[in-house]
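Look at the two complexes coming up: chain A is in both, with chain B in one and chain C in the other.
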Partner chain A sequence: MTLSYVLMQNLRRNPLRSVLTTVAFALPMAVFVAAISLVVGLIQIGQSAAKELRLAVHHKTTITNSLPEGTRRKIEGLDPQGRRLRAVCGMRWFGGRVPNTQNTLTSLASDVDTFCEVHQDAGLTPDEEQAWLRERTACVVGRIPAEKHGWKVGDRVTLESTVPPYLSLEFRVIKIMTEASRANYFYFRRDYLVESMNQVGIEDSRCNIFWVKCRTPEDLRTLQRDIDAEFANTPDETKSEDENAFGANFVQALGDIPSLMQAMAVVVVIVVALVAANTMMMSVRERARELAVFKAIGFHSRRIFAIVIGESMMLALIGALLGVVPTAALLTMFPVRRLGFVPLASLEVSPIAVVGSIGIALLVGLLAGFWPAYQALRLRTVDALRYLA
Partner chain B sequence: MSAADIELSNVHKSYYKDRLEIPVLHGLNLKIGPGDFVAMMGPSGSGKSTLLHLIGGLDSPSDGSIRVGDALLERMTERALTAWRSRHVGFIFQMYHLVPVLTAAQNVELPLLLFRMPASERRRRVETALSVVGLADRADHRPNQLSGGQEQRVAIARAIVTDPEVILADEPTGDLDARMSEEILNLLNLLNSEFGKTILMVTHDPRAASHARRIIHLDKGVLERTEENPVRQPMAGARAAS
Partner chain C sequence: MALPLKYHWRHLLSRRTSTLLTVLVVSAVVGVFTWMVGFALALRGSLAVADDDHKLIVIKRGATAESNSAIIPEDESRLVALSDVATDAATGERLISPEMLTQVSLPRLRDAGRTSANVAVRGVTPMAFKVHRKVRLVRGALFDLGEPQIIVGAAAAKQFAGLEIGSTVQLGSSGNRPYRVVGIFSADGGPMESEIWGYLESLKNAYGRSMYSSVNLRLRDGVDPQNVIDEVEGPAIQLSAWTEPAYWSQQSGLIKAYLMLAGSLIAVMSLAAIFAIANTMFSSVAGRTREIAMLRTIGFSGRQVLAGFVIESVLLALIGGILGCAGAMAWLNLVGNRKDMFGMSTFTTMAFEINPSPLMWGCSLVMVLAVGALGALWPARRAAALDVITALRQV
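Showing the complex of A and B:
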């Protein structure tokens, strides 16, 4: 027999209470791991985007207002030697959806010549780059829509646009993008879109956004300033933002999800700590005389303190495992990204969130057990025996 | 382990409640020889349990000196006292205080967890202690599967498993019927006569006290008188002084 065995057996003392406390740990920890996974997912996408050193240049009023195609040349003209910018890639919103489905894909028609340079995180190999340049109908698809619709490289797919002139275009998949920051996108060539529009009598080569790939973070800041200055007081004033700020506009349109999740996680932790502390205090109070006997037979106060803290942490750990493991398994088996909802699409179980949740649970167990353990430490053996014996 | 003698010199003990001093023991002098079996009687509040706690190092005297074997208790830190207690003193309580979720054997093993000792040695000691109290066949029973007398015997096994020199029993038969009380008292006699343990037992029951070699009476914190048990003679060297 070891002291850890004694700890485990102590949890059997009042099985219903132990079960209820464990469940009180497990359920919030399940929510906690999901919330933290989302936060971690969004942060990782943000970090990945920041690494790419891209500026999003769009119309100052709103992204739905398009900018002339010539905007690209003017931006390139700000740095003709390419000392600060590497490439500029114009994109136009297509708003395509798979026929007979409801969800619109994040589908964008992209400049053919600079796409690979500006979106290196799309991860095209030299052969894939050649295919992109060669095939007018080439499309590069993120892992999420590819999994959802069962697309593979080489497949021919059709998208129907949800914006005028409601074109229906056929593409050939040349690449499935696995990078988290690109996992939800569908890119195809803008020249294909422009030609298709011409065929139905529409002359429109405007773009919704120009992505500007910069060389250094400092270049990104100066170009952001210079580009907006260049177009100031023109009919097409621009707003330039780094990729994180640009992405946050979409996420925050649904509320400040990361802050909301973090706040929820903190509340969850506090509630769990209070529940656990209450349970441990009751448990210690009920066992005061038993703990006094432990002291009488030679257990030092500090060892009693460790026993109570250990019991609390054990309860927390079991609760956390019961909450975190099934949640992680469920989210892995049934990923929320299949719903295609942009912020929630980031909800994949993150190892950081799992380890973090278990770490937080242990910390909560430690905090919850501290006061009861301190009471046990201070317990005067004589008093406990006199009044309770 | 050989038996230890106990010597108290001019021991005072007061408690404080709301800054009010409540004296419990008034300059007590007592000598208990090695291997003696002493019963301590007296009305409630006479200081019996306080004296037992002082001798067991669970509390410290307000004044005076307590020596158990070679240990001068008033000079020891709490940490040292705890360590000393685990090796030299076995406690038996009226309400047994066994851990309900552990088996009899595991309850007996508890004090041994404080020692660096191979599991096989722990097992051997537990089996021996349970055999001494006649419960070897109940080793795997939990307290709620045992009678009151059997629970107290497990508590006694827990008290002797570390082979202490001194056993301090606080009303060990207080919660038992006459037959079970007799069993427990016979067991204490056995520990005293066969294993040479020095036993100090607090009791209200004259029949229980009659099993001791000597009976000391406390009243209002002073040693009122000492009786020699005519049936059981005191060990050589054991005497009391007030």
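Showing the complex of A and C:
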């Protein structure tokens, strides 16, 4: 009689309980895999942003206050030989939206010459880079807006700006960015914006943000200090932040969904552990006599322990699979990013999240089975056999 | 006669571990539920205050919000000519308030300044207090028109650093014009309470602006706002107008999505709690087969037995609910009840507080009762339908 045979028979003995436990386990695990996927996704974005070694330099008052175009030259002037910084790229907020829609895209007009060097995670191939440099109306689009509006490379798209002077510009898509950290952006050339503004009689080439690509993490820290010191007590004081600190300001303001998801994940683990423990306690209590018989006919304590723990882990595994697999499949088939809800855009089920969820479920099963299994061990064979339940 | 409550209570106590584990499951779910209801109510509450449909917010056509709108002064004079705008009974002035909106980045107090929020700064004239009727000074004084002074909304003052009366905030396009905080205002908890207000001309000067962001109008009583909106959006004026509730409902799309997400997560968890309770109750029924048969024999009806199990389950859920609510309260006190939410198109932040309210407790109670009752229904029916003779014979 193998262990797995005993386990399966035990699960089938009280099918109602097994089903209830499995469902009570599967539902929270479905929430868990979604929550942990978002957390994993954000950690990965954070890590890749940290690897990019970019410093965000913006006006000290707010990011909506603009800085003069010449700020770039001054920043480059801090390190003329380029020992610490590789390139500086100025950007201006365009806030474009597709005509007759409500959502404002994260659309920015970027310096032409340094864009590719500073934003290597945009992933432009040499050919695409040539197209970017050649075409005045070129735009580089993240896959979230691209999928939402059905844009493909080569398409002509029009955006209406939601900030003065409310220009309406036409672009040609030359690249869809797939990297998670860029998936929500829309970049186009700043010279195109400046010229278009000139045409309506506005001379304004100021920028909202300058991205400074640094060589090493150490350079990033020293540049952060030096840049802010350089502009201190000028009309345009700056605040420099690394990319993750810059992003944290927005995450907080968007209701802090990552924290909500983390809290949910913790609650889920607690709930499923309690559910599993409860079932195993009930199961062991009702089966006291049977376990005593096992002992009486010479089963090792170790074997008894394994039977109880094994059943608990089996329940957890089935519950986890039932919860995790459909959720993962559903989220992969219908990506949340299509909803266009920015704070959840990076919610994509990764293998790490799936494996992690099932691993956690097994761990929970192990821990939840521990106390009942210990009780089964302590069981006094004679008493249990005599006990009529 | 129904089964005495004591009977159920003793039963819960006799199966101590199982009861405790189930109670904890319910309490974890109810705790999160209570927090989320509080969050949703706080937001709704704040937005519900912005319900003045006789106040119109006029912005530039094509702009999505006041913060990215620019209106030239000539347009304002055309709005003054609208016949449906109310007049002040005492002075005979038109109740029309040109305003300018900009932002300042201030550290959040709740994470000790690790992150910053964009707080709205509104340039207004004294007329604004007649158009925005809910705004009133609660502490300190109004800003002096000749001095660089500001007043601060009560919600903003609580959540962002450096907004106490007497402190200074650096404003202006270069962030180098010190403005002193001289007063705190309330807007009955509405979204304007998250703003900073100063004198329009002074702020226009500091930011080098010649245009307004929005023009706010108070309409005469009895006027249909839609007629005025049509007139403002028509060929003669060509601006975009919103009533206050419509404007804020449009600005809060992100918040609604957030609440929907949180709501669906908690619904799944509640379902799981129902299954957990059902599991416990089934086991309880199975363990008491003979006892139930005995109750039936001495005259309790099947319906009474059914009611008894539902009561027992609700009792179980209630203990969990109380624990969960206590947990949510402790969390709010420990971690803080302050939150803020960002309008993607406004680029400014709305601050609010999660405060326990009777409605919040009521929602949690209903949820707990529902979970308890739904979880018990199936097992209790099984208990009621028990075949008495067979059960009594069972050993």
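The working rule: the second predicted complex is superposed on the first by the 382 of 389 C-alpha atoms of A that agree within 3 Å, B and C clash if a C-alpha of one lies under 4 Å from a C-alpha of the other, contacts with A are read in each partner's own complex, and residues count from 1 in each chain.
Operating definition for what follows: a contact is a pair of C-beta atoms (placed from the backbone, for glycine too) under 8 Å apart; a residue touches a chain by one contact, two chains touch by 3 or more.
Keep in mind the model is a prediction, meaning the values are calculated, not measured.
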Using the superposition on chain A, decide if chain B and chain C clash or fit.
fit
Chain B versus chain C as contact partner of A:T381, first or second or both or neither
first
In the superposed arrangement, does A:V268 touch chain B (first), chain C (second), both or neither?
second
Who does A:N65 touch here: chain B (first), chain C (second), both, or neither?
second
Between chain B and chain C, which one contacts more residues of chain A in the superposed model?
C
For A:V23 in the superposed arrangement: first (chain B), second (chain C), both or neither?
second
Once the structures are superposed on A, label A:N208 by its partner contacts, choosing first (chain B), second (chain C), both or neither.
neither
Quick check on the superposed pair: does A:Q9 touch chain B, chain C, both, or neither? Answer first, second, both or neither.
first
Contacts for A:S301 in the overlay, against chain B (first) and chain C (second): which applies, first, second, both or neither?
first
Contacts for A:M281 in the overlay, against chain B (first) and chain C (second): which applies, first, second, both or neither?
second
Taking the superposition on A as described, I'd like to know which of chain B and chain C A:Q102 touches: first, second, both or neither.
second
Distance floor for C-alpha atoms, chain B against chain C, superposed on A, in Å, equals 10
Residues of chain A contacting chain B in one complex and chain C in the other:
none
Residue numbers on chain A that touch chain B, as the complex places them:
1-3, 6, 9-10, 12-13, 289-290, 293-301, 381-382, 385-386, 389
Which chain B residues qualify as touching chain A in the complex?
49-50, 53, 56, 58-59, 78-79, 82-83, 85-87, 90-91, 93-95, 97, 99-102, 106, 109-111, 113-114, 122, 158-159, 162, 170
Where on chain A is chain C touching in the complex?
16-17, 20-21, 23-25, 27-28, 30-31, 34-35, 59-65, 95, 97, 102-104, 160-164, 166, 235-237, 239, 248-257, 260, 263-264, 267-268, 270-271, 274-275, 277-279, 281-282, 286, 339, 341-344, 388
Spell out the part of chain C that touches chain A in their complex, as residue ranges.
17-18, 21-22, 24-25, 28-29, 31-32, 60, 62-64, 67-68, 70, 102-105, 108, 111, 114-118, 170-176, 211, 250, 253-255, 257-258, 261-262, 265, 268-269, 271-273, 275-276, 278-280, 282-283, 286-287, 339-342, 344-345, 347, 349, 395
